[in-house]
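Just below is one structure, and these are the notes that go with it.
Chain IDs A, B and C follow the sequence of writing; residue 1 opens each chain.
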Amino acid sequence: MKLRALAERLQCRLEGDGDLDIVRMSAIDHAGPGDLTFVANPRYIAQLRSTGASAVIVAATLRRPPHLRADCALLRAADPYTAFAQAVRLFAQEAAPRKGIDRLTAVAKDASIGADVAIGPFVAIDSGASIGARTIVYPNVVIGRGARIGDDCVLHSQVAIREGVVIGHRVTIQNGAVVGSDGFGFATQPDGSHLKIPQQADVVIEDDVEIGANTTIDRPAVGETRIRAGTKIDNLVQIGHGVSVGRRVLLASQVGIAGSAVIDDDVVMGGQVGVGGHLRVGRRAVAAGKTVITKSVAPGTFLTGYPGIPNREWRKASVIFRRLPELKKRVEELERLVTQLATKRPRRRAASRRR
Amino acid sequence: MKLRALAERLQCRLEGDGDLDIVRMSAIDHAGPGDLTFVANPRYIAQLRSTGASAVIVAATLRRPPHLRADCALLRAADPYTAFAQAVRLFAQEAAPRKGIDRLTAVAKDASIGADVAIGPFVAIDSGASIGARTIVYPNVVIGRGARIGDDCVLHSQVAIREGVVIGHRVTIQNGAVVGSDGFGFATQPDGSHLKIPQQADVVIEDDVEIGANTTIDRPAVGETRIRAGTKIDNLVQIGHGVSVGRRVLLASQVGIAGSAVIDDDVVMGGQVGVGGHLRVGRRAVAAGKTVITKSVAPGTFLTGYPGIPNREWRKASVIFRRLPELKKRVEELERLVTQLATKRPRRRAASRRR
Amino acid sequence: MKLRALAERLQCRLEGDGDLDIVRMSAIDHAGPGDLTFVANPRYIAQLRSTGASAVIVAATLRRPPHLRADCALLRAADPYTAFAQAVRLFAQEAAPRKGIDRLTAVAKDASIGADVAIGPFVAIDSGASIGARTIVYPNVVIGRGARIGDDCVLHSQVAIREGVVIGHRVTIQNGAVVGSDGFGFATQPDGSHLKIPQQADVVIEDDVEIGANTTIDRPAVGETRIRAGTKIDNLVQIGHGVSVGRRVLLASQVGIAGSAVIDDDVVMGGQVGVGGHLRVGRRAVAAGKTVITKSVAPGTFLTGYPGIPNREWRKASVIFRRLPELKKRVEELERLVTQLATKRPRRRAASRRR
């Protein structure tokens, strides 16, 4: 595609030769002639010195890096990351599997299969399940009894959708994810044994959700587990039984959310964050990676640490944590000095004696 | 079921209309007419105000919540959570797959298959393996050479049971779990390369264990990995090679236990806890979520933090951690004052000089 | 095998009866007659008192444990752990599946399959993929379009290799691992929705890598994700999109590495470590279990904690963390004493007033 056309499609301002042919998107350090790359994160500007790219997407306000090759064109974007995203989408190649149902599948007679689906080999679809139009089901996926999958979904290989789970439209589920496994619900008995509470209630995944590889989403005994529209969940995340996740939430890899927690809209969690059971995390709250959320969180709070406290406080306290040995020495020195002050003066000692 | 009959089955004291028809268990905020719900956690009592349930299981000693609908019956239980568990069990619907072995399976000729099993499509059972009576094997499960599975087990879809693994009776394994993968055992050589130590020793899962979705349990090079009877393991848990887990242990999601650790009976670990290799965690010890266990733990200890310390100590220290900047300022102020005290007085300075 | 022959093979010095027949390697506490065991970790020396082993591999310099059975032979090794590893390798039994391609597979006509492979049932190999010679593919593995797997690899059951992924020679992948799932790449729009950035760039796994069970390795939008030769990755690890992992790196279970991070050669990470995006961890750096890496790390550093700081500092600071309540009390006592000192003396108060 000509760079000029690309600039128009991406709503970027072009600086350089609009007749350049761009053939793909590329990373700064992998780019060669014909490649378009981008810099959204300032830490990578220095890498422009050595890039072989024909053009770079940069921020509208960025001064042209002096070390950039003179013949490297710029596409200036209000939001370079979004322009990059859109450029990747332009060059992305659809590699959908062949339409139809592979002959090596086990599809129940009463399952309902939408138009133009692509269902790969070794897929098992149990009785009463339904698959929406144009949905792609890769090999070795298992869909349980009565589960309902919407239109235009993509289920990558080895995904498990348990019985009765409801999944909306345009949901993408990466390989090996499990939706609807039994929640961890046991009632401990006087003899110490743990009585299983059957977990048979609902799991609902709303439209436009993405679920990462090997992530697990549990079903509860009563009520429901629900992931609301537009939420994106990374790999190896645990969503406990009865959890409610709001709209447009972002959960990075290895986050764990314990049972019955409520995550409000637009929350963002870094990797490996843990959320205790029955807590509520308010709208737009953010938790840095590894934060341990032990109490409900007010909307908009930015938490960090174990236990999670406001990020500003955590950063200040962490700096001092590291210097605790020094602080302790200063206290010891003070104790020495104060003892000296108190004992070196007769009057002071007399005063002490009087008490 | 009539509420009166239900009260008898659950050994609850009935307050209200015993002729009510109860059709299912439900969550407080999802319940409508015909539903039975429960309150075990006091934080949910307020929600009774708006519940549509016909009846609620509550603690024997709870005062009738004044805001509860007058026609809402109560079932008073010594342990409301257990009564809830039993009620859910009464209403649970068996949805077992059809008995028999699906024709799209790969079952070795010399595998031993018990009576009344249900084995779904795309299940592979290797040579010498055995499956006990009434065990249910969902689609796409793989059972390795010589593995032995007991009676009345449930293996959900995509579970992997590796060669030679031994599994007791009434064991439930959620989707995608792996039992018997190679332990992480390498001997680093002088040139920095890592020599693989073959991991071919035993893995034993005793009776009445439950294993969560996508959990992994490794086998060792020598000795055994063993999960003892009645233990329940949540999703995405890692059990290292040679680990011994006692009876009735509860391990919440994303716990990781490094190789050769010993977890004694009745231990409870919250989510994302980490246990170092070769450690012993004593009987009835409890670790709060995310605790890092870096030393062996005495029986009955309640640990929290990184590193894990007794919970009481951790809570007190954490409160002060947050106020470290203030503490530091107080030390600085003390230093200023003490310097002032020491220098403002001639006699003091003279004394100093003499030293 | 005669113990004498074994000693030669393992390059150990023999103390005891070289005519003993050794039939297997065993753990100290499981060993009986005919078993060879080992002590590499000094904490297990005490267990030698009760071992039933016929012989023990020990360090060349270890004094013969006085409580060891008199007829128990010793094999003295320069590196007992490596001698143990080699002994296990001698006794390991190859249990490879039958050569050939199972008839219940779905192998694309244009896939390229090397000589002497073993491909189990319910394996799907998509168009244009290639499998090297002698590679073993266990049941229910899925290999995407155009993926290339080298020679002498082992792919355990339920592994997913996504389209276009490139895997070297002698790579072992444990059950349920996913290589090439979509990276977590979204550009958040002004309306709060998250625009998916297609993730279609390369993933390369070099020679002699091992990947643990249910581990996930993501592909990026541009550039590549690369795991270099000889690196070993444990179970349930997350490797984000665009990450570069060096040679001979060891990543223990549940480690999470965020997108675009660079891990240099010979780095070692304990379980549950988290690494932030775009960071660089220098050569031979070590991170103790659960460390949170929030900044780039200089080569050779040994980090611990949240945030990760040099281990020595962390250990000292952690000891004081636990005693923070005491430290706070000491500061309070100092404040009391200093106030007393300052107020009990007329001259001091006067001095204050003058300011």
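Keep this in mind: a residue touches a chain if its C-beta (ideal position, glycine included) is under 8 Å from a C-beta of that chain, and two chains touch if they have at least 3 such contacts.
Given the structure is predicted, the values throughout are model-derived calculations rather than measurements.
Trainee: Quick one: compare the interface residues of chain A with those of chain C and tell me same or different, with half as the dividing line.
Mentor: different
Trainee: When the CA atoms of chain A are placed over those of chain B, what is the turn angle between 0 and 180 degrees, to the nearest 5?
Mentor: Nearest-5 rotation angle for the superposition: 120 degrees.
Trainee: Could you state the distance in Å from the CA-based centre of chain A to that of chain C?
Mentor: The computed centroid separation for chain A versus chain C comes out at 23 Å.
Trainee: Residues touching two or more other chains, restricted to chain A: which are they?
Mentor: 104, 122, 140, 158, 176, 214, 236, 254, 272, 306, 321, 327, 331, 334, 338, 341
Trainee: For the complex, which residues does chain B have touching chain C?
Mentor: 104, 106, 122, 124, 126, 140, 142, 144-145, 158, 160, 162-163, 176, 178, 181-182, 184-187, 189, 192-198, 200-201, 214, 216, 218, 220-224, 236, 238, 240, 242, 254, 256, 258, 272, 274, 276, 278, 292, 294, 306-307, 309, 313, 316-317, 320-321, 327, 330-331, 334, 337-338, 340-341, 344-345
Trainee: Which residues of chain A touch chain C once you look at their complex with the stated criterion?
Mentor: Touching chain C: residues 25-27, 29-30, 37, 41, 43, 79, 81-82, 84-86, 88-89, 92-93, 95, 97, 102, 104, 120-122, 138-140, 156-158, 172, 174-176, 208, 210, 212-214, 230, 232, 234-236, 248, 250, 252-254, 266, 270-272, 289-290, 305-306, 318, 321-325, 327-328, 331, 334-335, 338, 341-342, 347-348, 351 of chain A.
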